[in-house]
Amino acid sequence: MNAIIEILPQLLRGLQITVSVLLASAIIAYIVAFIAGLARASKNTILNKIAGVYIEIFRGTSLIVQLFWLYYAIPMLFGIQLGSNWWTGVIAIGLNYGAYLAEVVRGSILAVDKGQTEASIALNMSSYQRMRLIILPQAVRMMLPEVGNYTIQMMKATSLVSLIGMRDILYYGDIMRSTNLAQAPLVYVVVLLMYFILALPFIWLTRKGETLSKKGVASQ
Amino acid sequence: MSSNFRWETFVEAFPLVLQGLGLTVGLTFACFGFALLFGFVWIFLRRIPNKPIVWICTWVMEFIRSTPPLVQLFFLYYAWPVVPVVGVTLEPFTCAVLGIGIHYSTYIGEIYRSGIEGVDKGQWEASTALNFSNADKWKKIILPQAIPPTIPMLGNYFIIMFKEVPLASVIGVGGILFMANSYGASHFAYLEPLTIVGIIFLALSYPSSILIRKLEVKMNTRFDKNAVLSKSKMKTIQGMNLEGSDRIV
Amino acid sequence: MSETLVKDKKSSILLNSEPIVKYRDVTKSFGDVHVLKGINLDIHPGEKIAVIGPSGSGKTTIIRMLMTLEEPSSGDIIVNGTNLWKMDKKGLSIRANEKHLRDVRGDIGMVFQHFNLFPHMTILENCMSAPIHVKKENKEEVRERSIKMLDRVGLGDKLEFYPSQLSGGQKQRVAMARALVMRPKIMLFDEVTSALDPELVGEVLEVIRDIAKNDDMAMVLVTHEMDFALDVADKVLFLDQGVIAEQGAARDVLEHTENERVQAFLKRFRRG
């Protein structure tokens, strides 16, 4: 017990980085996914192709590779320092999961029953009104469980930023392990528990989302 | 460190990085195989007719699935050896197989479950009515129907795990990412070898995912109802990394 | 007898006016399948037309083309004097864009076999959304009108219900109210009772009958309810293999036809 009291405050120092990386990369992922998903569901071939290339590249390679690549590439290719590795981590995680979520967005849009489109045409809605008032509200409900899932994946992925020197929960855990190896099991168990607690709201969202997503939706 | 992308470096690094491919692919197979086996353990435990055991199992799976595999790897590599009584030192490769394998076994277990639950209730009743033994019931009736629809999903997980195994480079397993990083460290040029790693991943995983999509379509026409049913169930499984979007029209 | 007289008189008046919709040599193919083979049809203001015919004869396709849900392969559909699927651009007649379609289809409403209510909206919101967003009408006025309309179809006490909380018959009545609130001049009905349990068919037909008798919009009803068609329709079309094989006053087609295909078709129905 004493040991935990000793460990916990140390690890909590990393909480801010873990949470801020998660929030920022989640926001980026959602926005990117929304845009790319809409592009994928649209009939515009150019937009569709561009989004398709983005999605395949980021899903086809692994996140840890993207992270390292961006870590070296951003300063080199663009000649800019983003100011911190924080941005590198956020961009890598955001773009990677943005690609996965884009497919979720596309899938949900296409899964809305065709009859909904037909009814809105019969009510003389424009294609923009149709998307905004009828299709998206239903598609978003359908997305909820998968958004919960992928947010958990993103939360897990934030641990990678410790590899590029960000001082997140895992970073402080590693420091403590290297100073006192005997404590390592306890340290990592507490680290895992902290991540699990962070995941709980999203686990809840995922389960809740499953019931919620079936309500108010006409799916095919 | 060189200040821009150089093709000479790219060409020089390529064969070196490629040397790691065998290990990366081997590790993928090992992790996947282990996950396939361990997935059965979850299924088995969860079928024990004892509420607390099932409950504990469910939450242990949830725990493993919802925490970073990187931390789990570190735990196995650094902490497990000093755990009193049961602790042993593990080779990096073994460690990676256990760590990544167990992590993904929690997903694989759910796939098995969806396959079994996808089998029509009537099939169970029919096999009981025909007086099959318990073993025969599984072997001849349930599994032959439960397994085929899960094959594309398992294939998807193979690809997902392929992209996850470079993680093992952090505990010193020498796959392509490891090779790229060590080339980078000795030549002070990271971008080129890392680009090579990206290209190798893309070159292998993109065609395989297309292959799996084809397989999926084929399965869905062959095992029509079953596959569609379990597919829709699969979509709701926690933590799924599958593309929920390749709809069967 | 007197009712028939009134009806006949009414239709003769109607026929003297300019048609609100004209189909001219309209065909439709899906790939190699020629579903409609040259449809010519006039719909006059206020006219009630029943479309009958065997399954797969193209009944649904006819009205879906008017609702812009399906594009004809050839021929013209003229609505209020404007070509629905073609528009002018620098003197050339080109394929209509969305804006043109929206301009022309504004007077048309449709009720579907499977209701297609918006599941994420209450039934009141279902009725209000289009007048507010499409016609930019005053919200309070639309609300009042929607409530009145839902009252008329017998659902005035369920305004805040969601479609999932209603029976099929109730859903279909909401769908009709939703279409009516847009004040269309032409209403299309595609087998609106065939997805319903038999005991719920009556309540929906009752509402349509009420609309047909009291409102002066034109109606095109694809239906398998022959008695109902006889009751509300001025004109009946018999569609067979993509052509209008018989048309005329409801009583003539449904009771005194000499066309053998029609007789066979009706006979099957009377028995079933």
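Per-chain residue numbering starts at 1, and chain names A, B and C are given in the order in which the chains are listed.
We adopt the following convention: a contact is a pair of C-beta atoms (placed from the backbone, for glycine too) under 8 Å apart; a residue touches a chain by one contact, two chains touch by 3 or more.
Molecules present, by chain and UniProt name: A = Amino acid ABC transporter membrane protein 1 (PAAT family); B = Amino acid ABC transporter membrane protein 2 (PAAT family); C = Amino acid ABC transporter ATP-binding protein (PAAT family).
If you're wondering where the values come from, they're calculated on a predicted model, not measured in any experiment.
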Practice prompt. Give the identifier of the chain nearest to the protein's overall CA centre, each chain being represented by its own CA mean.
Written response: A
Worksheet item: Quick one: which pair of chains has the most contacts?
Response: A-B
Discussion item. Quick check for the class: compute each chain's Cα centroid; which one is farthest from the centroid of chain C?
Written reply: B
Worksheet entry | Centroid distance [mean C-alpha coordinates] between chain C and chain B, Å | 54
Item to complete: Determine the centre-to-centre distance between chain A and chain C, using the mean Cα coordinates as centres, and give it in whole Å.
Response: 47
Response to the item:
Taking each chain's centre as the mean of its CA atoms, chain A sits from chain B at a distance in Å of 19
Worksheet item: Taking the complex as given, what residues does chain C use to touch chain A?
Response: 67-69, 98, 102, 105-106, 108-110, 112, 114-120, 129-130, 133-134, 162, 164, 175, 178-179, 182
Response to the item:
Given the complex, residues on chain B that touch chain A span 1, 3-5, 62-63, 65-72, 74-75, 78-80, 82-83, 87, 163-164, 166-167, 169-170, 177, 181, 184, 190-191, 194-195, 197-198, 201-202, 205-206, 209, 235-236, 238-241, 243-247
Worksheet item: Contact residues on chain A for chain B in the complex?
Response: 56-57, 59-66, 68-69, 72-73, 76-77, 100, 103-104, 106-107, 110-111, 145-146, 149, 152-153, 155-160, 162-163, 170, 173-174, 177, 181-182, 184-185, 187-189, 191-192, 195-196, 199, 203, 206-207, 210, 220
Worksheet entry | List of chain A residues in touch with chain C within their complex | 113, 115-116, 118-127, 129, 133-134, 137-138, 141, 215-218
